[in-house]
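Two complexes come next, and they have one chain in common, subunit A, joined by subunit B in the first and subunit C in the second.
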Partner chain A sequence: MRLTLTNRNTQPRLRAAFSLGVAVLLVAGLIASQWLLGDAAQQMQFDARLAPPSVDHWLGTDALGRELWARTLAGLALSFWVGCLAALLSTLIALSLATLATLSARLDALVSLLIDTLLSVPHLILLMLIAFALGGGTQAVIIAVAVTHWPSLARVLRAELLQLRQAPYVRISRALGKSRWFVLHGHLLPHLLPHCLVGALLLFPHAILHEAALTFLGFGLSPSQPAIGVLLADAMRYLSGGYWWLGVFPGLGLLLMVLGFERLSSRLRSAL
Partner chain B sequence: MRLSRLSLVLLCVALVAFGLMMVSPIDPVDAYLGPQMAQVSPEQRELIAQRWGFDEPPAVQFGHWLRQLVSGDLGWSHVYNQPVSEVIGQRFQRSIALLSGAWLLSALLGFSLGVVAGAKEGSRLDKVISTYAYLTASTPAFWLAILAVLLFSVTLGWTPTCCAGPTGTLSQNVTLATRLHHLVLPIATLALLGIANITLHTRARMLELMRSDVAIHAFAQGASRLDVAWRHGLRHASLPAITLAFASLGELFGGSILIEQVFAYPGLGQATVAAGLRSDVPLLLGIALFTALFVSVGNMIADTLYGVIDPRIKQGNL
Partner chain C sequence: MPGFPRPILLGIALSCLALGCLVATSAVQAKEQLVLAIGGEPEQGFDPLLGWGQYGNPLFQSTLLSRGRDLTPQPELATQWSLSEDRLTWTLTLRGDARFADGTPLTAADVAYTFNAAAKAGGRADLSALDHAQAVGEYTVTLHLRAPRITFVDQLMTLGIVPSAERDNGYSEQYGRQPLGSGPYQLVEWQEGEQLIVERNPYFYGPTPAFERLVFRFTGEDATLSAAHAGQVDIASVPPALAANVPAQMQRVIMESVDNRGILFPMQPANGEHAESGAPIGNDVTADLAIRQAINLAVDRETLVEVALHGFGRPAFGPADDLPWSDPKENVVAPDLTHAAEILESAGWELRDDGLRYKGDLPARFRLTYPASDTTRQLLAEVSAEMVRPLGIEMQPTGRHWDEIQREALHQDAIMFGYGSHSPQEIYYLFHSQHAGYGFYNSGFYANPEVNAHLDAAQAADSPEQANQYWQAAQWDGTTGYGLRGDSSWAWLVNLEHVYFADSCLDVGELGVAPHGHGWPITANLLEWRWTCEE
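The block that comes next holds the complex of A and B.
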């Protein structure tokens, strides 16, 4: 894999570092904007309800006269936090279950049965079931997304672990009488860390998209929060009135964010 | 072997889904009573709970539910006031038109786009197709549906904005043409999203073939790239495409939930959302099991087709 990548891309590390820098800047800007704007996303202007995009109202306003650009930014920031937490949690689950699976054949069978079970229910239905069971809200969304997204990463990590276990230095370490725990956190985990990082980054766009979908359907964040799913669900009510900006911009923001992270993770993957 | 695995997985799905419903903070008696909740005395509640077996331990309840399930009784849906199996049956009939249309369209289009992009690697056409595939892979399904409604229904007025037929007409009186007219946009949106995955995989597989010895040999004999794609590429690339098409049934169903919600199409997806939002536990459980069966059977078909298309796999030589 490494060969073909270096052929196409002469400086993958430089490119990865560049896109990482851009992403960090954008995310820092997003977070700073939330801090600077305060509650601009919730401020109503009753003299400017459903105003189309103009110089005064950059992306237009919604039915309560709230600025759409401020709400979209706030929604993206919310998505970012939810996505981050969910992806991290999911990676942790994947790592621990993959480690468990390599301990014994019986545990391995159990984990693979769990994976098969999770993969056999459509993602969205499973998400709805879990969000329903936890009673909805931000926490429920984070847990639901985390619990459903780990199988693919767990498979990768498990295969990697099984291969690593046969590596000479690991076998020597075991033969010298080191404990399983020592081998795991001294030899195996450092090796798995880059995989986990890339895995988390790959999960992140999915997590964001599923969070938005779940919220859009009414199972996620509460309708009082300016999440992208809430904005789009609101927009649905005004579609036939021709208020196109309500439906177009929040989704466009989400798409750009997902695309950006997708790009970043694919560049990081080719750099590692 | 496969069947026993399938039933084991389904049993696990039932267990997980049932467990989730048990931890849910929603009280089943409240959900059943709905707005009449306030008019019922604690004694009556207890009676209801006793009659429905809510006071028994979860394991006993699960056994009871499972026994009913095996005998074909999925319970009563209080949202639709019908047996769950009937709700699922009716709704699925409407959804299957949407699902199968989008599925066929996305599989065929995705495959042919992938073959073309792979055969003409680096050309302008390839770039357009690849960019399109990468873009749709990151697009939220419901947003695309909203855009489609805005463009084709609201601005251009070509298609209706909602439902499976004109409002105010009985579903028996809706003609096939109007039915299709209402289905065109949902199918197109759902298919548009499904294409990306198949296209990217088919393209990768075609690139692999174009660099293989087979292709080099054919080129040396004077075959053009399209020739090679047609004679060797189709078979080579069809295997992952078919597997993906069957393996993506879950994704397709998830997409259909969102699309049905945007187009207010009264299919199984909409019923799922209604069941979840109005805490119709039996219906939710029934749908979860039903879709799990649907997806698992899809995966099983994919596995079987693998062997049919490439006999080497069945013989274990590969």
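The block that comes next holds the complex of A and C.
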């Protein structure tokens, strides 16, 4: 009986550790590939334009003879960094606002209103508006994704904080005269960090998908950057000509990365 | 043989007949309507006073003269015309049967109103030389100029005549959205950003167009191409790079053009100045002549035609190649990276370990901006950037929306522009310092007093032949000029062929030579278009 219980407890952690290991390896590979490849994603071969996948051109080439495998890797790396920064920024916003909400009932009402308002507006429209207003580009995409993705996590963190605030050890600490900052820093935040980590990981695939969507729609990264959204938008123009590889491989890469991080965050959530 | 009773058979026969009639009727209707996806929705509407029809054939309106295949003036609304000996007064006699689409006659008062109003409107029609226009009879009008202007005749061939504001249904601020003219078609509905529907003008004085109704779809490149492959449009404009796979039911139609693409360089250093629009002016790198000369020497124009245009074009060395006002000696025989590197070295641009050239602390790096929605310009920007990279010059291709280009990039980035006109007036706009910062034309703030003098002399010339000598001298007079051998103010790259997918049943007649015009130039011979299939 004890053995069964132990298995149930350790299995999710093992799975999470495995997923984490795989994710770390993939990310390390992605980063290393950019360092090793240099500007391979931009190198043009005018005599091998729109070449289909073959031994010479593993995933085929685009209209300027650039290797699609190099461009897909570069696009995934770009998406990874954009997703990372956007998810991190979003988590910071969520944490800050959730903390602010615990300071007074009025602030709590204000933060709740903000969360409800943002959740009621369709993501993509808000994303497009913000990205357009900021003039597009990497920075605009990161800000747009970060500003629109924090409400769900903020709601969870706020609820957790409100619950923690009533915990006996927190009440004792405050009764002993400890400052709000001490309570927050010493008692509340350590409890919130795992939530933040899982929250950020859950945000990450969303951030990547939305970055690709924004870029695909022309509101995101410049068409000259090998972002996945750019590759997919380019592929659309050539699909009718039968150049299927231009869309299939970048799309598959994006799908695998998003699924991978989705799975990792689910397993981490189960483990924690 | 046991069979259907007679009444049932008769019923079936009659139903088939009715169905047949219905199908036949709809087939006839299909031939009456043509769906075009040729791009180019005018933002300011269809108002000639604000620039509509600047490249000729404004569809809803008629012009005083039309341009023949040899670019010479031909009768249109005006049946006779003359220029006084002092070259200051044009006198034109109008045809008597021209009517607006509401049935009212077009008279000299409308022509005089149009020219006077266009001069005040400050649109793209260059009427700065016009003092005033005057109706001297019901069908005779005089146009009085302040000074002789050789290119004024082009306004007679491009400015569509609108009804005078003083008459019923006359010109108003809403005209661009509800145009009334004497052209072959009249507007039925314009859903901005989506489509324009026009129908025959029953009062048109010319031959009856073959198609009762035209539907212009304003779709992006992707949607246009998809619609062509799905058989949803009868004629579609396609970027040359995507023109290889012709849809099954369509044919590829090529229209020769003087439409070109090239890189406009900001000519002033960045001194912190801003244009009236607030856009910053100047770029320290492109303001250096050596950089501009080196880029002009490094780009391989033949390869650009092959890669970016899939062969649908030819190399460009100036804004008006092969036209009489362009110097035929202006060209670069082959890309010469060695000579380009020497020019950079002698100008103090040193190649460093990071592969980039520096002049002091200034890296040879600048943005090459292009409209993000334009595949051809994107390809040209990316390939030409790759071509100059070995020199140690980093052109950063940057796709932006036109609004953003105007707001930020127009005067400080190198811009992948397109021009090309049947009139040398465009040369005047592009290179005269008087037009520095004027719209998109001389957005690089190019200014050379010698070039200005040649351009002014051309405008004041006695004849087109004499003017052409001055236009050519502005390009290179042996000492200076705006062209490759002079200031290298642009790196002209390619002259395009306009590529369309047209339904196999559509005969577009003999196409002329198109100017730059975002798809509309193909409608120049619309009256010759015919449907050749019987359905």
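Note that in this section the second predicted complex is superposed on the first by the 262 of 272 C-alpha atoms of A that agree within 3 Å, B and C clash if a C-alpha of one lies under 4 Å from a C-alpha of the other, contacts with A are read in each partner's own complex, and residues count from 1 in each chain.
The working rule: a contact is a pair of C-beta atoms (placed from the backbone, for glycine too) under 8 Å apart; a residue touches a chain by one contact, two chains touch by 3 or more.
The shown structure was predicted, so the numbers you read here are calculated from the model rather than taken from an experiment.
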First, second, both or neither for A:V121, with subunit B first and subunit C second: first
First (subunit B), second (subunit C), both or neither touched by A:G199: neither
Partner chain(s) touched by A:R237 [first = subunit B, second = subunit C, both, neither]: second
Touched partner set for A:G218, first subunit B, second subunit C, both or neither: both
Of subunit C and subunit B, partner touching more subunit A residues: B
Subunit B versus subunit C as contact partner of A:G135, first or second or both or neither: both
First (subunit B), second (subunit C), both or neither touched by A:L113: first
First (subunit B), second (subunit C), both or neither touched by A:L64: second
First, second, both or neither for A:G83, with subunit B first and subunit C second: neither
First (subunit B), second (subunit C), both or neither touched by A:L209: first
Subunit B and subunit C contact sites that coincide on subunit A, given as residue numbers: 135, 218, 236, 240, 242
List of subunit A residues in touch with subunit B within their complex: 113-114, 116-117, 119-126, 128-135, 205, 209, 212-213, 216-219, 232, 235-236, 239-240, 242, 244, 247-248, 251, 254-255, 258-259, 262
Residues of subunit B touching subunit A in the complex: 5, 8-10, 12-13, 16-17, 20-21, 23-26, 134-135, 137-143, 146-147, 149-150, 153-155, 161, 250-251, 253-254, 257-258, 261-262, 272-273, 276-277, 279, 284, 287-288, 291-292, 295-296, 299
Subunit C contact footprint on subunit A (complex, rising order): 42, 44, 46, 49, 63-64, 135-136, 218, 222-224, 236-238, 240-242
Touch list for subunit C against partner subunit A, complex: 221-222, 225-226, 229, 239, 241-242, 244-245, 303, 306-307, 372-373, 375, 378-379, 381-383, 386, 396-401, 404, 408
